[in-house]
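The same subunit A turns up in both complexes below, where it pairs with subunit B and then with subunit C.
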Partner chain A sequence: MKKVAKFFNKCSLGGKLSILFLIFLMLMAVFGTIFARHSAFIPSGSAFTAPNSEHFLGTDDLGIDLWAQLCEGAKLSLTIGICSALLSGIAGSFIGIICGYYGGVLDKIVMRISDILIAIPSLPLMIVMGVFFGAAIRNIILVLAIFSWTGPARIARSKVISLKEEKFIKIAESYGGGIFYLTFKHFLPAVFPIVMVSFIRLINRGIVSEASLSFLGLGDPTAKSWGLILNHAISFKAIYFTDFWKWWLVGPFAAITLTVLSIAILARDTEKFLNVKL
Partner chain B sequence: MKTTTKKTLEYLLTLFVIITLNFFIPRIMPGDPFTFVSSEENSVNTVYSDEEVARLKEYYGLDKPLAEQYGNYLKNTIKGDFGYSIYFNDTVLNLIGGRIVYTLPIALASLVLSCVLGCLLGCVSAYHRNRFFDRSSYLLITVFSQIPSFIIGIFFLFTFAGKLGWFPLSGAMTIFATYDTPLAQIRDILHHAFLPVLTLTLAHIGEFYLLSRNSMISVLSKDYITTAKAKGLAKKRVLYVHALKNAVLPIITRLCMSLGTILGGAVLIENVFNYPGLGTMMRQAITYRDYTLIQGIFLFFAVSVLLMNALADILYRKLDPRVAQ
Partner chain C sequence: MNKEALSIKDLSVTYSTSGYVTQAVKNLSFELERGERLGIIGESGSGKTTTALAIMGLLSSQAKVSGEVTYNGKNLLSLSEEERNCCRWKKIAIVFQNSLDILNPVLTVRAQIAECIDRHLCMSKENTEERVLELLRQVGLDRKWADCYPNQLSGGMRQRVLIAMALSCDPEVLIVDEPTTALDAVAKNDIIALLSRIQKEKNLALIVSSHEMSTIQKLTDKTMVMYMGSVVECGRTKEVIFNPRHPYTRGLINSSTQINCFRDLWGIPQENMSKKAEGCSFYKRCCQSTDKCARLRPPLEKCGEDHCVACNRGGILKLLEGRNIVKSYKIKSGKIAACKNVDLSIHSGEVVALIGESGSGKTTLANILCGMLSKDGGEVLFEGEKIRGFDATRRYDGIQITFQDSFSSIDEHFTVYQVIEEPLRLLKIGTKEERREMVEQALWDVQLPNSEEFYSKKCFMLSGGQRQRVAIARSLIMRPKLLIADEISSMLDPSTQANILRLLKGLQNSKGFSMLYITHDLSLAKKIADRVYIMKNGEIIEEGSALTVFMNPESEYTKRLLKCADL
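Presenting the complex of A and B:
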């Protein structure tokens, strides 16, 4: 707790604001969906109601409350971002540690695989995979993780390669410390801060990819994601000639922009705080 | 020589993996090209009987065992035959060729623009390191480059095309327009391409800015720059002749590698602006479950990225005497 407070104090003004915004977003995702006044899926008023006391942010073309949809979108974006980053961060760290420690043929094969994954243009393949895996959230997370583990893996690998020549590791080995002991006692604590920064960046990547896919109409069509709301709003033919955009378009637009910016600023401040350079 | 063969093998392996992926992904996709039912306006739904479906599957070779389909696919792909689009009724190569004339110019234009602008800003920024200009432009560009490109695109589309009406809302040229002079036609095309190019440029300016800034900072601390300054050369000469020449290497290789990401970004941007390039066609192909066309477009993207990476490798070896030896 003390460490968190210290981190908060050390953050720049932008960093503090983004932490507050992200906390607000999480509250929105958790409580906004539980204690919602209106459903995010069923019409609860007439179409295109301007924001009023009943509908906080107005309604869309079907009369569905937009604030409720934004809360659902926040839940979806955060889930996808955090889960995919966790999955690829954890998997990547362990793969990197094992490759860096053992080296040899295994290391060569894994690095070749990651070379190939990096060379494949990710967005077009993700579009294709998004259709092939189906549109469920779980599948989007999996596809993202498959593409993102290479970053943390490379970082962890190079750290372990330089670490394993250190004397204290050599001594731990000579006392019979195996890979498990070394990993949890020495490698993970050293790798953690640098992977942490890459983890925060991967959250952003997940959120942006999900928004892009659902903007193209490839996400889960029944889920209420920010990209999908934008997609509906843009493809509504009269959007440019009416006033509906003021509440229909601005909400998800601001949500995506602010979230992505906050996470980026948070990543920068974490990098400074932990004093790592990627 | 040894590294060259190793590199070539690597690229060939990657290509093989991509072709294999490309073959299997559409086949595991849920859905079937013959059972598509649309609820969109203006579209005719065709329902096939079982016999017809069987006949069509036989005609397109979809009834053969998977291994045989795979073998045929590999053979045809290497021969350059990407197949025939079921939905658009044309060969995939023709379709891609018809659309690439829209995608490639906007991709190349924004690549050049973002590279030139990003490098210039980066150079100036590096020269005034830690001064007001550097700090503000660094902050602005790093923050701005985080915003996804399609969000920027929507913003431009809405304000400049929708509200202000300065630019057209969609398309690559005015439909049914007759032009008095070729110049008017060119103006019309540029008018339509402006916003997509601007969006893509802004989305990629950040990487060139950061790269050239870093590269310049390390070059500017070298001894030969101090010598040049001590000789009393003009600031501009030191910056653009002595320093930029040496800092430009990583930028050139990045230029090649960025074409891939720009093509990927163009997929999204084209869909925002309804620009009739490869990206919009890819979206249609996915909606209609057009196996061969999806395969073709994806393969096209992947191969162009690989070629560009290879070009970057070669250029780097050629241009940097330290690596060449």
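Presenting the complex of A and C:
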């Protein structure tokens, strides 16, 4: 708890605001749908209601409450972002540590694969795979993780390569320390801070990718994600001739932008904080 | 006349005072021919004086003497007091240890010497007078001192008077007990010169007992080293002093300021009196003792030409031996030979310095010796066994290494406790409580604070010197027999360096491990090393005892190094 407070105090103003916004977003995701006055799936008023006291972000073309939909979207976005980042962060770290420590042929093979994954434009491939495997959330998370592990892996690998030349690793080896011991006692504590920054960035990547897929209409059509709301709104003909865009488009758009911005600022501040030894 | 002047067989002396039995001399045997010079070295209490007195038959009735002291075929011990008295002084004379109360304070020098002559030789008064003055002349004392009282003489003069007394009846065997103790350097030299002159003139059989190495070195041809009443080593004096084979002899030599003139002085660690050993008498203070030494008393065995040692392990052990070690590194433009057929050996309990400029292959060699680096050829033997990989570092009583850079050798995210405990945890040694005790002991050894607060300190908060101590503690917790210290002090300031080195040397002295100290600092090596290896371009170009290498370097390179270092 002390560390959290210390971290908060060390953040810039932007960082503090970001943290507050992200906390708000999480509360929205967890409690928004429970305490929402309206359902995110069933019409609760007339279509195209402008924001008022009943529907304070208005309603869409079907009369469904937009605030409730945004809460639902927050849940989805955060889940996808965090899960994919966790998956790729953890897998990437271990792959990186193993490659860095053992080197040799294994390292060469894995690093070439990661080169390929970095070189391939991920969005088109994701579209293809999304179509291929079906657009369930789980698949999206998996696809995202497959494309994102290379970042943490490279970071972890380079750190381990420099670490394994250090004498304390040699000494631990001389006492019989194996890869398991070295990883958990020596490598992970050193790798963790730098992978942490990468992990936060990956959350962003997950959120943006999911929004892009949904926006293009390739996401899970039944899920209420921010990208899908935008997709619906844009595909409504002549939306810009009406006033509807002011609440139908701006809401999800702002949600995506602010979330991504906050996480980016948070990542920057974390990096600064972790540079000083914990 | 029998050529064999004095022969001693199985001489044992036991003092029993008020029920407390001390065996002062145990089964001592030696032979001494006319003209031979024998030295007896040992710490005080090792039985030197008792031996001398036993030969003279001057021990008090509390001492029980057994064995044989044969002189010209007669066993002196079986003679009656009267017969013995006849032999004593006329055949065998003793120069007592110099002290004020050895001479009668109310007799003049003249009367004192005359007394001996009167007792043993029947001479007229004039002859006695003449003889006294002759003796004074022989020992280089002016005749004006003849009428002085002992308290008016200096220590050196008293020693001369004592010698004159011993010579009064023209003995064939002269026993000299501590002739030079408590004398200044000039007087010491004079006495030594005097004794050797007289020995030559009269062709005496000389026994010199002393704890002063230099006296023995100058006065004797053969030497016996005594410890707790038994002989632990004997041989030619030169051989014994420059190539000691018993740890005790080496300890004595290293404590001698004349022979060990550069290094710090460290005595032989005091014995731990808690255990009463039946086996080897030196067991408790020995740095290479095994269980066998506690049970078995080693006999005096030949270990070279005219050189015997009493040790269950055959003398000072060769702890580590590197044979023909070859290692080269590949670089783009070819190969760099870091070690070219390096041979190196380290004996138990000694500090060996490996000196060389940077890039000479020192660190490569150290890493090969402890198994951190694979070698291209050759072999490393530890206690006679070939070692492969980390064999020697993964056990107690093995090899440990401490590196130059304490920032690299310690994971800075670890707490002090975690760092020191690491080897124990990895090797699954002991329970949690036992480990804690061992860590406490290790921290105590390296003089770091032993508090909970210090235990949980992260290592990046420590200074370089503290870190180096922590690294040393981690090595010591494995109770190494050989500690390889790779430039451990080169990154430290002079004061910290001095502290660490003293600490390490102190630990080395008390725990008895050997040390391979790798350095480019010659003055430092001179201060700590027993033996020195000089390395250049992957080859050992000179090796030898520190004294020889620093005083009379052979190779040009060593000479240049010494010149550069202003030594």
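Criterion: the second predicted complex is superposed on the first by the 275 of 278 C-alpha atoms of A that agree within 3 Å, B and C clash if a C-alpha of one lies under 4 Å from a C-alpha of the other, contacts with A are read in each partner's own complex, and residues count from 1 in each chain.
Methods note: a residue touches a chain if its C-beta (ideal position, glycine included) is under 8 Å from a C-beta of that chain, and two chains touch if they have at least 3 such contacts.
What you see is a predicted model; the values in this text were computed from it and never measured.
Because the two structures share subunit A, they can be overlaid on it, and in that overlay subunit B and subunit C fit beside each other without clashing. Between subunit B and subunit C, it is B that contacts the larger number of residues in subunit A. When the shared chain is aligned, subunit B comes close enough to touch A:G217, but subunit C does not. By the document's definition of touching, of the two partners only subunit C reaches A:E173; subunit B does not. With chain A used for the fit, subunit A forms the apex of an angle whose arms reach the C-alpha centres of subunit B and subunit C; rounded to a multiple of 10, it measures 110°. Contacts of A:F35 after superposition on the shared chain: neither subunit B nor subunit C is touched. Within the superposed three-chain model, A:A119 lies in touch with subunit B and out of touch with subunit C [touch as defined at top].
Applying the stated contact rule after C-alpha superposition, one finds that A:V208 touches subunit B and leaves subunit C untouched. In the superposed pair of complexes, A:L230 makes contact with subunit B only, with no contact to subunit C. Least inter-chain distance for subunit B and subunit C in the combined superposition, rounded to the nearest angstrom, is 15, based on C-alpha atoms. Taken together, the subunit C residues at the contact with subunit A in this complex read 370-372, 390, 393-394, 401, 403, 405, 408-413, 422-423, 426-427, 458, 460, 474.
Residues of subunit B touching subunit A in their complex: 10, 13-14, 17-18, 21, 25-26, 28-31, 142-143, 146-148, 150-151, 154-155, 157-158, 161-163, 169, 260-261, 263-265, 267-268, 271-272, 282-283, 286-287, 294, 297-298, 301-302, 305-306, 309. Subunit A makes touch with subunit B in their complex at residues 112, 115-116, 119-125, 127-129, 131-132, 134, 204, 208, 211-212, 215-218, 230, 234, 239-240, 245, 249, 253, 256-257, 260-261, 264-265, 268.
Within the complex formed with subunit C, the subunit A residues making contact are 166-168, 170-177, 181, 185-186, 189-190, 277.
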